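Please read the structure below before turning to the comments.
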Amino acid sequence: MLDNLKQPLIDVQSHADARGIALHKVGVKNVEVPIYVLQKDGRTQMVAASITISVDLPAEQKGTHMSRFVIQLAEKSTSKAFCYNLRDFLRETQQRLKSNTAHIEMNFRYFIHKEAPVTKIPAPVAYQCSFGASLTGEEDYKFVLGLEMPIATLCPCSKAISDYGAHNQRAIIRAKLALDTQSDYEVLWLEDLVKAFDECASCPIFPVLKREDEKYVTERAYDNPKFVEDVIRECVAVLQTYPSVTGYELEVEALESIHGHNAWAYQQEGDVTI
Amino acid sequence: MLDNLKQPLIDVQSHADARGIALHKVGVKNVEVPIYVLQKDGRTQMVAASITISVDLPAEQKGTHMSRFVIQLAEKSTSKAFCYNLRDFLRETQQRLKSNTAHIEMNFRYFIHKEAPVTKIPAPVAYQCSFGASLTGEEDYKFVLGLEMPIATLCPCSKAISDYGAHNQRAIIRAKLALDTQSDYEVLWLEDLVKAFDECASCPIFPVLKREDEKYVTERAYDNPKFVEDVIRECVAVLQTYPSVTGYELEVEALESIHGHNAWAYQQEGDVTI
Amino acid sequence: MLDNLKQPLIDVQSHADARGIALHKVGVKNVEVPIYVLQKDGRTQMVAASITISVDLPAEQKGTHMSRFVIQLAEKSTSKAFCYNLRDFLRETQQRLKSNTAHIEMNFRYFIHKEAPVTKIPAPVAYQCSFGASLTGEEDYKFVLGLEMPIATLCPCSKAISDYGAHNQRAIIRAKLALDTQSDYEVLWLEDLVKAFDECASCPIFPVLKREDEKYVTERAYDNPKFVEDVIRECVAVLQTYPSVTGYELEVEALESIHGHNAWAYQQEGDVTI
Amino acid sequence: MLDNLKQPLIDVQSHADARGIALHKVGVKNVEVPIYVLQKDGRTQMVAASITISVDLPAEQKGTHMSRFVIQLAEKSTSKAFCYNLRDFLRETQQRLKSNTAHIEMNFRYFIHKEAPVTKIPAPVAYQCSFGASLTGEEDYKFVLGLEMPIATLCPCSKAISDYGAHNQRAIIRAKLALDTQSDYEVLWLEDLVKAFDECASCPIFPVLKREDEKYVTERAYDNPKFVEDVIRECVAVLQTYPSVTGYELEVEALESIHGHNAWAYQQEGDVTI
């Protein structure tokens, strides 16, 4: 086997392909690496990311060289600045893979500390977040921010028709935001987005709630009944105040306490594909 | 290749194994076949089952013959009586695989019709159910029934401390019940188990709720506040009234509307392994 | 409470909304009902579907009436013709909900029988399938067919560079096909789509494989090495032969046996949103 | 509301319960916090853990005080020594909750660096790991280590009967190991367990494989054909060499490349419940 290795091994991926079909994205999915994410307070947080990275493939080439993606990730993802130089990273991906476009998507749990509303006891809450980016040629750069967060919703109909009580439940807001990468807008921090969307709920969720806090969230939810339709409209209104958001996809899904199925609302404006 | 096939192909699985380690269960997992389940009303319901089937393997044999499991399932699972002759099925599995024990577990969504509490509008609800069975030798037969069902819970603490409202949420009851297979007890119908556990909730869930129904379930939940501890204790009390239940594992998990994490209670008596 | 019920309960959903935001889709998600799917052989197969159904909501209305979706599904889904009259179903949804558009998506496991390649032993294989449809106004009707299927891929690079053997693995093809609903094309059967995509693999998967069959699939895969890039190009070529396909989204993901991550290829043409 | 808060809020959980049913475990599930795990090289790794923590509940008490679990976790989990003082942590849980037993289970992705077998290029691999522990009274302490890891298996039957090639696939080893907490054994490092189980595979998986490496793993797998039965027997043999392992539960599941279902082997010795 050693002798064998002294001769160059055949490069099948570089062979010609006769089918005449250029491919949009070829790459690797669910590569897991630790990465650093910058917090609003200026510190970095290490998270475990599941990453998809891909390039386009010209019609005349049989395959891409998949190990190069993982090697580049292993080399570059250890830098604290990795997530904030995705454009440079993708430029290098294009060069390593000899491609015209390159795409990356990173999914991770990100911790934000929240204080209980009355007792102010702090504890971390995990949010499912994502960074997606693509570069076509040298200039066409896109960036999409993703966030998935639990909230509470209390049903306005149930409150209005019942002599007492109102059904409420955990609900999930899912957002993908395409951000303007040309202009010089301020950073849209995940911390601020969570805070803004929390205000769209009947009540935010909290990690720690002592009795005083539980009384507060119970009454706050009852005072702010919201359908999924109400929540998504308020999230849309929030996004309309962000000049850097050029497109979005929004979903609100309530795990109804009275049904086995969920209530759902969906809104899309502009383009959030990378 | 055809010539080749005329000669018997080597049977590697039957080779001797020198490691001296007998194995408890070897087989196939997630074999999907349609099966018939008998409803309480005497009709049968076709469901899509995901099946695990296995046997023990003596220390001296290298491997089991896995295609035989799938062939037996394909042959026998089309019978309307299949689920109700699992003992005979496992006896045949022992014989086909030349084993001392045989185990099967089938997981499926099972539909039960429920009427809205006031308007009586009916619609199906899907429950995650399972049948597990094992046969050791000719006589030692075990059967375990599984059920996973959504309910609503309303927090007694939240109700007691708040001036109005009370947080509530979807919760899940998970049960595995080992049933006596020696005595001649009445069948424990999934329909009856769902009905009995529904009474342990702050309020059952329903597929259709018009406004009159929604008022009813809202007020019923508020009138019956229950912690997960309350729900599981009432489920335990239900099981204590079933003479055929020789062991159980119970879980109640509430998808708290005020937190991102869940409240949880767990109880086990006797043996529910197959 | 009974007196109360004699008076009409307030209809909060019909209240006015002042935020001026029309919503694209509001409805219910993961409603589970049994439905009938027509097989290519003319028989029907009952499957357990998880359904999302939604309508648009005008800016001036606070909420939609979600129970109406579930009632319509409970009433209509029991018909053997339900899946083949989705346009009429959605027209009725528009009318019941007083909306301009209506959308439905149904996800289910669908069984197709497959014979072992040499011994011809038959057994069922489950495929994840979906029907999606939307109707805007009276005329703008869209239909999207979804299929997710396991295949085997054998790596051309591994085969070319190794003295013996080649790594292979289970891979998944995921397809969404927008179908022309105006012209009078022949039905695109799931059975035929599975058969066509199976030919794009290094080797199809089978539920039962006796030794003669296992020899056949092993050698067939070794004789047909394919990257995910090869598989997706051949799937694209298949779709190009279907005149009724007006758009598609295709993914091939290989659960690489040599890595913990997956190889992945993605292609999209036209519009597959409903 | 403020006046209200000045008076003590009622403590419903401490109320008496008349049902006479003591509960085994009540607590919180899926609390997510970042924790530090000690690596074999002496450095610590921050991981995102999903935690279940519970206590027993006497028959005469209505409920437990769930916020105390989350507060204790928020206070203590930030210490680098947290995972290595679980006994003290659980002792404190007993005291805070006034319980006889306390249990904790933490699930997390843990990164281990692996070098390519020939080119020696290093990159991280993520493994699903868990720490479980319980304390009953002051002395009865249990600890269970969990690991889930991908490997490659190549089928001995397929190799033996085919003129060329052999089907292979990604497989998963799942292990729960009860460790002796009384004696003074050496630490069982996750790094060493992964290395030992990797030797039980047809070939380990690697994050980066250049062509020379891919040739190596292809031929190594072909030279080491293993059924799931072979892999699990070798894992059992590994565990038999660890004096600190007092019980285990082992599973090997192969995502067969030739089927849609999986091959599976299961073995249990001793007690791995906490």
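By letter and in written order, the chains are A, B, C and D; residue numbering begins at 1 in each of them.
Here, contacts are C-beta pairs under 8 Å (C-beta built on N, C-alpha and C of every residue); 3 or more make two chains touch, one makes a residue touch a chain.
From a predicted model like this one, the values you see are computed outputs, not experimental measurements.
For the pair chain A and chain D, chains touching both partners: B, C.
Ranked by separation of Cα centres from chain A, the top chain is B.
Set against one another, A-B and B-C show the most C-beta pairs in contact at A-B. For the pair chain B and chain D, the distance between mean C-alpha positions equals 25 Å.
Averaging C-alpha coordinates per chain places the centre of chain A 35 Å away from that of chain B.
Averaged C-alpha coordinates give centres for chain B and chain C that are 27 Å from one another. Residue positions of chain B touching 2 or more other chains: 1, 4, 9, 31-32, 70, 125-126, 157, 161, 163, 207, 209, 211, 215, 219, 260-261. Contact residues of chain A toward chain D in the complex are 1, 4-5, 9, 11, 31-34, 46-48, 67, 70-71, 73-74, 109, 111, 118, 121-126, 207-212, 215, 219. Put simply, chain B touches chain D in their complex at residues 1, 4, 9-10, 12-13, 17, 19, 21, 23-32, 52, 54, 57, 62-64, 66, 70, 156-157, 160-161, 163, 227-230, 232-234, 236-237, 253, 260-268. On chain B, the positions that touch chain A within their shared complex are 125-126, 150, 152-155, 157-158, 161-170, 203, 205-207, 209, 211, 214-215, 217-219, 221-222, 255-261.
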